[in-house]
Amino acid sequence: MVVVLKPNIPKEKRNELIREIEAMGVKVQITEGTQTSILGLVGDTSNLNKYRIASNEIVANILRVQEPFKKANKMFKPDNTIIEVAGRRIGEGYFTVITGPCSVESEEQIEGIAKAVKTNGAAFLRGGAYKPRTSPYSFQGLGLEGLEYLKIAREKTGLPIVSEIMSPDLVQRFVEDVDIIQVGARNMQNFVLLKELGKTNKPILLKRGLSATIEEWLMSAEYIMSEGNEQVILCERGIRTFETYTRNTLDLSSVLSIKKLSHLPVIVDPSHATGHSWMVEAMTKAAVVVGADGVIVEVHNNPAHALCDGSQSITPEQFSGLMDKIKKLVEIEGKVLVE
Amino acid sequence: MVVVLKPNIPKEKRNELIREIEAMGVKVQITEGTQTSILGLVGDTSNLNKYRIASNEIVANILRVQEPFKKANKMFKPDNTIIEVAGRRIGEGYFTVITGPCSVESEEQIEGIAKAVKTNGAAFLRGGAYKPRTSPYSFQGLGLEGLEYLKIAREKTGLPIVSEIMSPDLVQRFVEDVDIIQVGARNMQNFVLLKELGKTNKPILLKRGLSATIEEWLMSAEYIMSEGNEQVILCERGIRTFETYTRNTLDLSSVLSIKKLSHLPVIVDPSHATGHSWMVEAMTKAAVVVGADGVIVEVHNNPAHALCDGSQSITPEQFSGLMDKIKKLVEIEGKVLVE
Amino acid sequence: MVVVLKPNIPKEKRNELIREIEAMGVKVQITEGTQTSILGLVGDTSNLNKYRIASNEIVANILRVQEPFKKANKMFKPDNTIIEVAGRRIGEGYFTVITGPCSVESEEQIEGIAKAVKTNGAAFLRGGAYKPRTSPYSFQGLGLEGLEYLKIAREKTGLPIVSEIMSPDLVQRFVEDVDIIQVGARNMQNFVLLKELGKTNKPILLKRGLSATIEEWLMSAEYIMSEGNEQVILCERGIRTFETYTRNTLDLSSVLSIKKLSHLPVIVDPSHATGHSWMVEAMTKAAVVVGADGVIVEVHNNPAHALCDGSQSITPEQFSGLMDKIKKLVEIEGKVLVE
Amino acid sequence: MVVVLKPNIPKEKRNELIREIEAMGVKVQITEGTQTSILGLVGDTSNLNKYRIASNEIVANILRVQEPFKKANKMFKPDNTIIEVAGRRIGEGYFTVITGPCSVESEEQIEGIAKAVKTNGAAFLRGGAYKPRTSPYSFQGLGLEGLEYLKIAREKTGLPIVSEIMSPDLVQRFVEDVDIIQVGARNMQNFVLLKELGKTNKPILLKRGLSATIEEWLMSAEYIMSEGNEQVILCERGIRTFETYTRNTLDLSSVLSIKKLSHLPVIVDPSHATGHSWMVEAMTKAAVVVGADGVIVEVHNNPAHALCDGSQSITPEQFSGLMDKIKKLVEIEGKVLVE
C-alpha cells in the first residue's frame, strides 16, 4: 500500500502519521518527492484500516499495490483450478456446454429439452426452479416441484443438473438435489448466501453482478472460498451500460482479465447478456475463441410460449447447429469438448 | 401495450397474431402505417406474456404504454403516503433526518453518538449491526450484539432506530427490535428478502441498487407492497457510473422522478453516494431544496478510527453545523423539520 | 410514431391535439384503451417536431416506431455495402486487416513497420499523423510531416493508407493523401467535420464514440451519407463503462446490432478497446467469429519506446502469429482474407 | 509517480529498469515490500513516457501521484478565478444566471425572450446559432443570421451574449460577435477547436462531455489554458448513465470535485441534464446550494413550438418564478446575484 501525502507537510506531522501506521503492524519507507512525500507500507496490509489512514488530514491519497483477494488470486495459486462434477470437467483445457430452459415449466418440458440437448452434446442441464424476476407479478418458478422435475430429467438422461438458489435456507436442499449451485447476478453480493454456500462442498456457479467490477466479482468468489469451498466457477453474463439495444453488454474481455488475475474457471452466458436469441450463436463462438472454459446457453422447446425469457432462448434445432460450430472452434483451440 | 409489426407483413399472418393475442384476454386495435402496422392492445396487459409476443417472427418491437408497478404508482393513489414511526412522520410536507454510524462498534460508541445527534435534532438513530462488505476479511458488524446496543441507545435517548437486514431468517428479530428496517443497495433485488419483509407491518427503508433504474427500484418496492406492507421509504444513495472521483454518482433528479411516478416518500443518503465527508453538507442541502423527504447521514464520534466507512462520516460537531443549514432550508421549503 | 395520452383526457382536448398533429402532415388513428388512449401517427414522421407534441400537457409519452436513420438503414437497402479501396474490399464476405502504429514517429519507423506487416499479410497501413490526446502536454503527432512519411511507406510497400483527421480544414489534404480517412471516437459527433467528409468521395472509417449508442453512431454515419458520400465503414472500439481493468469495454455484440440494422461494413479495434497488448489476439479472434468485416490492430516495432499507446501495441512478431490465427478462423467463417 | 514491480524480480532486472527510468531525468527511490518492490519517482514526471515504463515486463502497475493538469490546478493557484464579462462577474462569491432559447429562431423570438428574461434578472442571454444535432435531418440553427439576431437582442437589452461554436474556422467571428464562447459537450475533446480558442482572449464556457471524467474535463480546460487563455468557465450538464428516465444524469457532486481540484468557476445546466422542463426549478435550486457559480437555463417563449429541445425549456413566466427562488437561496448562501 502506498500513502501519498499532501504537499509541504511538516516533518513532525509526517512522523506522527508514520508512528500511527507502524503501530498497526507494518513498516513504513519514505520516498521524498519534490512536492509530496509518499509512504510505502511494507508487510501484510490486507487487514489495515485504510479509512483510518485516509481520514488523516495530511493524507492526499492511498494507492493499493496488491489485489485484496487471496484464495482466488492466481499469484498465490498459479495452477488453474479444474472442477470435476459427475465425471465432467470445467476449467483450463476443457470446454463445457451447460444448457436448458430459463425456467422449469413441467416434467414433460424439462425432460423433453434434456433429451434433445443430451443428443446434441450438452454436458450439463440447467433449469430454473426459483426465478428472480423484476416484477412480483411475473412467473416466479415452480420451486421445489421444479427441482423434482430436474432430478427426473437427470435420471432419464444422465446429465448433471445446475439450478439457481435465491436464499440461504435452501442451501441444504440444493446441496442434496443439484450438481452445481448457481448464484444469479442479482445475488452476487448477497453475502449471507455466499457464506452459507462456502460451507458446502458443492461447485458454485457465480454470475457477475450487473454492475460488478472484476475485483468485486472476485471478492464475492473470495467470500465462498474463505469459508472453505474452493470450487467456484465464474460466469460473465453482461454488464449494465448506457446501451439499450442489447439487454446488457457482454464483456468478453472479462474472461481474459479473470484468467490473468485468478486460477478459477470462467464461462460465458450469451443468452442473458444479449437478450436476443439471434445473437447467441455468434457470441458463443466468440466465447470459445476468447478462451472461456464453457458457455451456458438457454434452450427452450417452444420459445414463443416460454414462461420466462423466451426472446433469448434458442430451439433444440438451433442448439444442434450451434454445437457443430462450437466443436470446430474448440478443436482449433486445442481443447477437449466435455461430454 | 403497443406491438409494432415488421414492414410488409401479409394480412393473414397479421390476423393470426391478432387472434393469438386476443386469446390472451385483450383486445387489439390496428393502426396501419405507410410501412408498418401497429397493434394497440386494450385491456389488462400486466400479466401478458410479452416474450411470447416478441418472439413472433412478424413482430419488430413491443412498446409498453403503462408502468408495470401498481401499488407504488401515483396514478392509482394520487395522495402521497406519509409514514408514521414512533410519532415521527416521513413523507410530503416533512423533512426527517436519520443519522448515526455506519456500524455499531460498542455500547459506549453508539450511546455517545445517539446522545450527541439527539441534542442536535436528529429524528432517528441509524446504526449497522450487520454490515455487507465487499471483502470477507473486513469487519462484518457485531450482529445481534449490535442490535442490543442500539436498543439501549434508543432507551436512553428516545430516538427510534433504523438498522439494515441482510437475510430473511432475521426478519422476525428485526421486526421486534428496530423501528425501520433498512434494505441495502446490494439487496435491492434480493426478492426472497423483500417478500418476507412484505409480510410484516414495519416500515422498510429501501435503498436504490447501484445500477437500478427508477423502474426497477419501484418494482422492488412493489415486491414488498404486493405482500401487504405498503410502508416503504425509498432512499437514493448514488448510482454506479464511469466517474471514480466520487464513490458513486448521487442522482438527485431521481427524487423528482420518484415524486412524479409514485406516492412513496423518498430520502437521500449523501454519505454513501459521495464517499467523502467533505461533500456531505453541500449534498444534504441540495437534497432539501430538491424536495427529498429526508436524509440519512453518517455521523461517527471518531471517523479516523471508524471500523467502516470512516472517510465519509462527519463528526457530531459537523452534524450540528449541518443541522443549522438544514433548518433554514426546510423553513424556506415550507416544510416541518421532524424532531 | 405512437403518442400515448395521459389517463382520463376529455375528448375535446384530445381532438384538439389530433388536429394539431394532422396539421403537421400526418394522419392520426386512435386506439382507446381502458385507461389511456394512444394515437398512431401514419405518414412520414421523420421531420415531425416531436418536442412540440411531447410538451403538450395531455401527452404522457411518445414512442418511436421507426429508426431515424435512412441511408444507413438496412430496411431501405437490404444488400450489404462493400467498399473497394485500391483493389481491396471491405464488407460482407471479406475480412480486412488494417494495422500500424498509433502514431507515425519517423520515416524509418513507419517504413519498417509497413514492410513487416505487409510481409505478414496486412491489407492496409494505418498510422496517426494527427493525434487526439487527453493532455495538451502529450505528443500530438508529426502532422503533415507524418502524412508524408505515410505516403513514402505506401509507395515502398503498396499498402493503401489510413489516417485520422481532426479538423474540417484538412479535409482536402486528406482526400489527396490517404486512402481511407479515419474519424476518431472523440470526433464521432463533430458534425461540421462529418458534413465536410460527406462532400468527398473517400471512404470514411467512423469510430464509435465512447458513450455513443448504436443509434447515435448510425446517425453520425447518416451525417456523412446525407451529404452524398455513402462509403462509410463503422469501427467498434470499446465503450466507456464502470469497469476500469480494461481501458474501455469492447462491445462485440454491437457488430451484430449493426449488421441487423445497417448495410454498412463494421470492423473492430481491439487495441484501443482493451488498452492491453496481451488481450489483442484473443479479442481479434472473437471479432472474426462474431462476424466483423475486419480489424484494426496496433503494431509497433518497439512498444516500450512508442510515443503513444505503447502498452496496447503488439510487435511485428506477435502480429505474424496473430495473422496465422486469423487465417484459420476466416477460412472457417467462409470468408476471403483481403490481401 | 509510483511504479509497482511484479513479485520476485531479480535485482539486476530491477536495477536495469531503474537505470532506464533515471535516464529519463527523474530519481528513483526503492521501497522493498514482502512480496513486491515499489519505485517512487522523484522529479518532474509530467512528461515521462508512462507507456514505455508500463510495457516493461517486470512492471505490474503504475500509480500516478499527481494530477496531470497544471494551469487549471488549485494546488498551483489557490485563489479562485473570477471572470469578468461586460461588468458582470462569474466565480466565487457570485451567482450568475445565463438564459435563453436552445436555438435562435427569428429576430422577434430572440428579442422577445431577451427582454422578458432581462426584466426578470438574467445576467446573460444565451442562444444557439449553430446547433449540434444527433440527426442531420433536424434543424441545424440559423448560423450567422442567428448571430446577427443575438447582437440585435444584446443591443436592445444590454445583456451580453453567449453562443456555441462548432468549428475552428469560426473562432474569429465568434470572438468579434459574442461575449462568451460556448463549447458543447460533444466538442469537449475537439482538441483543434480548444487550441484555437486558447489563442483568443474571450471567456470560454466549456461543457462537460457526456462521458468525460472530472480529470478529462479539466484536461480539456488545460488545452485552452495552455495556449494562453485562462478564462475558462466549466459547465456540468449531466453525464450518460444507464438511467433513461432523465435525458442524462446531473452530477451535482462534480461541482464540489471541481471546486476542490481547480480554481476555475463552474456552473450547472439543469435543462440539458434532465431534459424535462418540470425538473429545472428543483435542480437549479440544488445547484445554488451545492455551491455552483451560476446556472444556464433554457427559456423559450413557446416551448411547444420550439424548433429544438422544447420539452426542457421553461416559459418566461416560469423563469420569473424561478428567479424568486434563486434570489432567496443566493442570499442564504451569502453570495451576490449578478445582474
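As written, the chain order gives the labels A, B, C and D, with residue 1 at the start of each chain.
Just so it is clear, a residue touches a chain if its C-beta (ideal position, glycine included) is under 8 Å from a C-beta of that chain, and two chains touch if they have at least 3 such contacts.
On a predicted model such as this, the values are computed, not experimentally measured, just so you know.
**Q** Can you tell me which chain lies farthest from chain D, using the average of the Cα atoms as each chain's centre?
**A** Checked the centroid distances; the maximum from chain D is A.
**Q** Higher C-beta contact count, A-C or B-C?
**A** A-C
**Q** Taking the mean of the C-alpha atoms as each chain's centre, how many Å separate chain B from chain C?
**A** Taking the mean C-alpha position of each chain, the two centres sit 39 Å apart.
**Q** So how far apart, in whole Å, are chain A and chain B when each is placed at the average of its C-alpha atoms?
**A** So the centre of chain A lies 26 Å away from the centre of chain B.
**Q** Report the inter-centroid distance (CA atoms only) between chain A and chain C in whole Å.
**A** 31
**Q** Could you list the positions in chain A whose residues touch two or more of the other chains?
**A** Residues 211, 240-242, 244 of chain A each touch two or more of the other chains.
**Q** What residues of chain D sit close enough to touch chain C in their complex?
**A** It is residues 46-47, 49, 51-52, 54-56, 68, 132-137, 166-169, 186-187, 189-193, 195, 210-211, 216, 219, 222-223, 226-227, 240, 277, 303-311 of chain D that touch chain C.
**Q** Which residues, counting only chain B, touch chain D once they are in their complex?
**A** So the residues of chain B in touch with chain D come to 211, 213-215, 239, 241-246, 249-257, 260, 273-274, 276, 278-279, 282-283, 285-291, 328-329, 332.
**Q** For chain B, which residues count as touching chain C in their complex?
**A** 2, 4, 7, 29, 31-36, 38, 40-44, 61, 63, 65-66, 75, 240-242, 244
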